[in-house]
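Input: one structure, supplied below.
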């Protein structure tokens, strides 16, 4: 592929004391693809996402978004470039309704919020957009319930909705399926499918079934290093990946 | 008028409350002695708390003046509070008889016909000690006061009469608790006398620590009367023994008014009176005399003022008269803390330091007659 | 076999919104039971009511023959109920080893109790990170810790609420193997998980909950034989 | 197809914590009452209470400004009295140098309050939670000790102001009644502005930050900047309150900036209702009136005040306003 | 300055720091570990000092007073916890501030009603009353040495209790996630009551140690409470080690500031200006220190969970 990758991670290192959670990791994500990132627990996937999103500062290495070096950009600036994340551990506004949650997200992307006078509630378009997102993630009937009163699985749906509402170019998804039942997982897979073409995705997920169905390419992270990148078929056959991560699961997904 | 109203606003809560309560108790003892009357008029005394906060004091004073329409006010302990309430008091032409606070501003440029001090001018006590230390021939003196206007004025007052060498002049933060560092420096300074002006709890802290550090053997400790009064003694105890201090009054002073005051105060409240109690008592007696002399016509402000100025009352401190700035001209005594005949630790009056002493600010006062 | 746990027409509400409408099921000593159902159907609420964390409004719960629905959660726990809660709930301000040691006990008087060493042997990853604070663990490591923490109390009844969430396939397999071993040793277990195929292989009995009510109960054979059940209530 | 929607009745909109109405049904009568208050007080021969009312409104203004950051932004500032003090000293120092015009002094107090808040916020807002509480306390203490040692401006003794600021327009602020109306107008204007702001986009962002700061950052909001703006605004309004306070009491002293004063403002807000639009007003009024009432009865008035505060904590989960608002707005 | 003076001043710094630590110790327990902002902590310190002074005066023995005061204060602590404070654990910090502020007001008035407004007397026991000679020419007050000893002992004890016992772990667990700690079988309620009693007892220890140096009077808790908060915030909340080091840092910086800054300013700007600026700077020094520490380390020097 000759085009500039949408995301390019070069020799990224993150140390926590003696532990190198990210250890000279390099990775490309092409525009338009769904790129899955798999690896054992504690391999450094979330840590990598943290660095990509700007929540953690890398010890060394660079991150490129398109042609821009974003290594030192603060989180909010990255969001405005279109680099958006969701959290592995649900982080929603518990005391706000589902609609208000999503409306806040929409607000982030629709002009300045240094507006002190116009009632925010009068922005119909914003609430419509939020409603649309809610429908999309399957919370259309829960608009007015407080996020804190949703069940775990529903909160996970909202978590993804918050990211979606920002109309991302690159969506960093940290275990979106975790905590979802088979039914909801299925719906999430469908949702992510439908986003193809709209957003590029870097997907961290332990649900191999979903990963193999969705991913165009898969990278495997072990001890903070990318040990293999390839198509699902290649990864499934990769002996190292099987040993470090997949075990028998490769068959199940097949 | 058919009765007279007095607003007694003092510090009755918080760390400074001990002083205010003594003023109040002294004042009320006098009222009892007078049968609840001032002169010929039945009197109502409204006691309120200034919370040791200028802001609250201001508010409270307004309430006394505007809502209760008091004829006289008294009671404030602390100078900063006095200064805060002064404008409102003067504006309303209410007579203020200070039972403690005597800030230099009100003795000098901002003196006012409605303000009378029945206590002292703030510098007086320090001047008196300055003179004693000078006269006793101490050559090297260290000074210590908190870093605020009254502290600076205090040491200035001391230096007005002390001419020897000052080896250290230390100002400590107002909220300081521990004087370990200062005591070490003090030991190193080789001073032979120390003068401290540390009001309330600060003084208690310092004296305890001073004695604990063993410095009392090497240097003599001096303070103004209020750093060595009965309230402080009660809190510190034995370590206070031998501390010299100055005062315009002592509970052992030999005059009839004082004997009655001290005896009845002990009977009534079960403790020895302090300077503040004596001042509260005198404030009431001066009010009493003035109302008596104008024959109850307290509406006539000129007459009342004249009667107040005349000060025809038996002060527990003996000699008492007003200067042109309506601050006292009186005697100041040297006291030392020792054990009395009953074995109590208390102040003993030793000698007279100043006779008929006024203050340094009277000259700046252009008092309208 | 006697019933270790008996839940009878349990009703639970959060404030004014009722979630459970008379849930009844029983778990026999040494049995592995499951609760199945879609998201938000009341599985976790059932668990919370068992543990006394959300008080049931009606119905009874018997544990080892004793009524526990009115007891304080810590009493219930000391009787030998331990949970791997949804969302891990690791103590962030305790190190890994402290998380494990703080509540260690031998509540089922096992002759071969779970110890720190055994937990570390099960999850070597935790041994490596033993001095890390709970909040410095990866999601999966936290999950392992939560499981280890529950095992360390050697409970009569072990409750796992989505304990495989966020675990890598290899570790997940490890957990299944471990549960099988536990079962073989006679440990009673209640599992909630989305990998229903696995549960069918592992568990003895299943209870399906739909909108706060039990809609189906049976053993693995029956469940395995009736795919329409899955379709209808679980969505697989 | 929706299976999770097991209880459709719950889909009806619940009142949101983001909405802060003016509750006109009782706020208008309240306003009318406040407007009539001088006349009533005068009629009863209790002119003194006009001054009390001014003071209540001034503290209500300060407390409302604190509530803006505390209740809506989740920033527990333990140094808010410093900004009140800055405003008061602005008036005092200007007056000492012969500038008595309110048109200069009050805006100056507003701007300086904001300026100091901005600088202090730049440093303090790096910290969170209790650390933020303590660092704001630290700055307030620094300012306090600075003023204590500035002998030119009275030091610990403070400055007595012999006149009130001059507003022109034929108004005589030395009249307690006229001063009261000026305070009332300023309070109402500031209050309305804050109400607008809270219901506007900015208010939603601010409250979003209070609810979940990390997530707000992940949504692309420059969180620090919004917090700083709110902190600055609150400082400015507190500065204005300080200017009015200096005029009301004709006195300025470091004690205005003491930590206990910051604590009192905090207590007022918590008492009234954290995150309730009317919390600052309710808290200031309750606190000062309870105090006013108790002080004249007993010197042990703090016992009574303590008992009332304790009762509120135990019985009204989120301050006095939550008693009125009932369960639906419970936190 | 001579060598001995420098040594002495360092000891002073250490001593002042440990003095603050004694008060901060109980605070760390209740605030740092149990995560409960307790403004009434200073009130317990005050009540402890008053009780010790009263019992000591009645019995004529400082040690009896100390022991009796500690027990009585712990009992008062339990009473307070059971009746009021336990209702506040689950509330947010603000409710805790308001509730404990109310208790602080009531405690002050209560003490005033019982003991009056006059300060009380509490003197060190005779053996510790005077100075001792540490080196030739270097005398130091015995009671201050005692404070240093007690402070270090308390620090060690707390450290062991909190970090090396299961009770300590359970307390920390209960504070961060009460529900989960319950679900693991800890009787959080009883544990917290016990811990609060310990905190109250430590308050009384502080009262007994500081009472002979400082005024025993109404309101004695408030000014020093702020300093105690400063200490544990600089050290990092929740960490005993941090509280101790924070205390020492504050003690040394404050002492050094008070001795060195006036000297330094004297040389830089002449005595008159120095006598103005010196104390002003000295009084804000520890606040500057705190602001600086938090600027560079927003979680304090030794964050407990980092």
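Chains: A, B, C, D and E, in written order; residue numbering restarts at 1 for each.
Keep in mind that, in the parts below, contacts are C-beta pairs under 8 Å (C-beta built on N, C-alpha and C of every residue); 3 or more make two chains touch, one makes a residue touch a chain.
Computed from a predicted model, the values in this text were never measured in an experiment.
By the document's definition of touch, common neighbours of chain C and chain D comprise A, E. Centroid distances from chain D, each centroid being the mean of CA atoms, peak for C. Chain centres here are means of the Cα atoms, and by that rule the chain farthest away from chain A is B.
Averaged C-alpha coordinates put the centre of chain A at 74 Å from the centre of chain B. Chain A and chain D have centres, each the mean of its CA atoms, that are 42 Å apart. Centre-to-centre separation of chain B and chain E, using mean CA positions: 34 Å.
Distance between chain centres (mean CA atoms), chain A to chain C: 29 Å. Shared interface positions of chain A, defined as residues touching 2 or more other chains, are 151, 153-154, 183. Residues of chain C found to touch two or more other chains are 17, 38-41. Residues of chain B found to touch two or more other chains are 12-13, 147, 173-174.
Of all residues in chain E, only 1-2, 5, 8-9, 12-13, 15-16, 19, 108-109, 112, 116-121, 123-124, 129-131, 139-144, 212-220, 223-224, 227, 255, 258-259, 262, 275, 278-280, 282-283 touch chain B in the complex they form. Interface of chain E with chain C (complex): residues 166, 169-170, 172-173, 175-177, 179-188, 238, 304-306.
Listed in rising order, the residues of chain B touching chain D in the complex are 12-13, 47-49, 53-55, 58-60, 62-63, 66-67, 79-80, 83-84, 86-88, 103, 105, 147-150, 152, 173-174.
By the touch criterion stated above, chain C contacts chain E in their complex at residues 51-53, 72-74, 77-78, 82-83, 85, 89, 91-94, 98-99, 101-105, 107, 133, 135, 149, 153. Against chain A, the residues of chain D that register as touching in their complex are 2-5, 8, 10-14, 16-19, 193, 196-197, 199-205, 208, 211-212, 214-223, 226, 229, 331.
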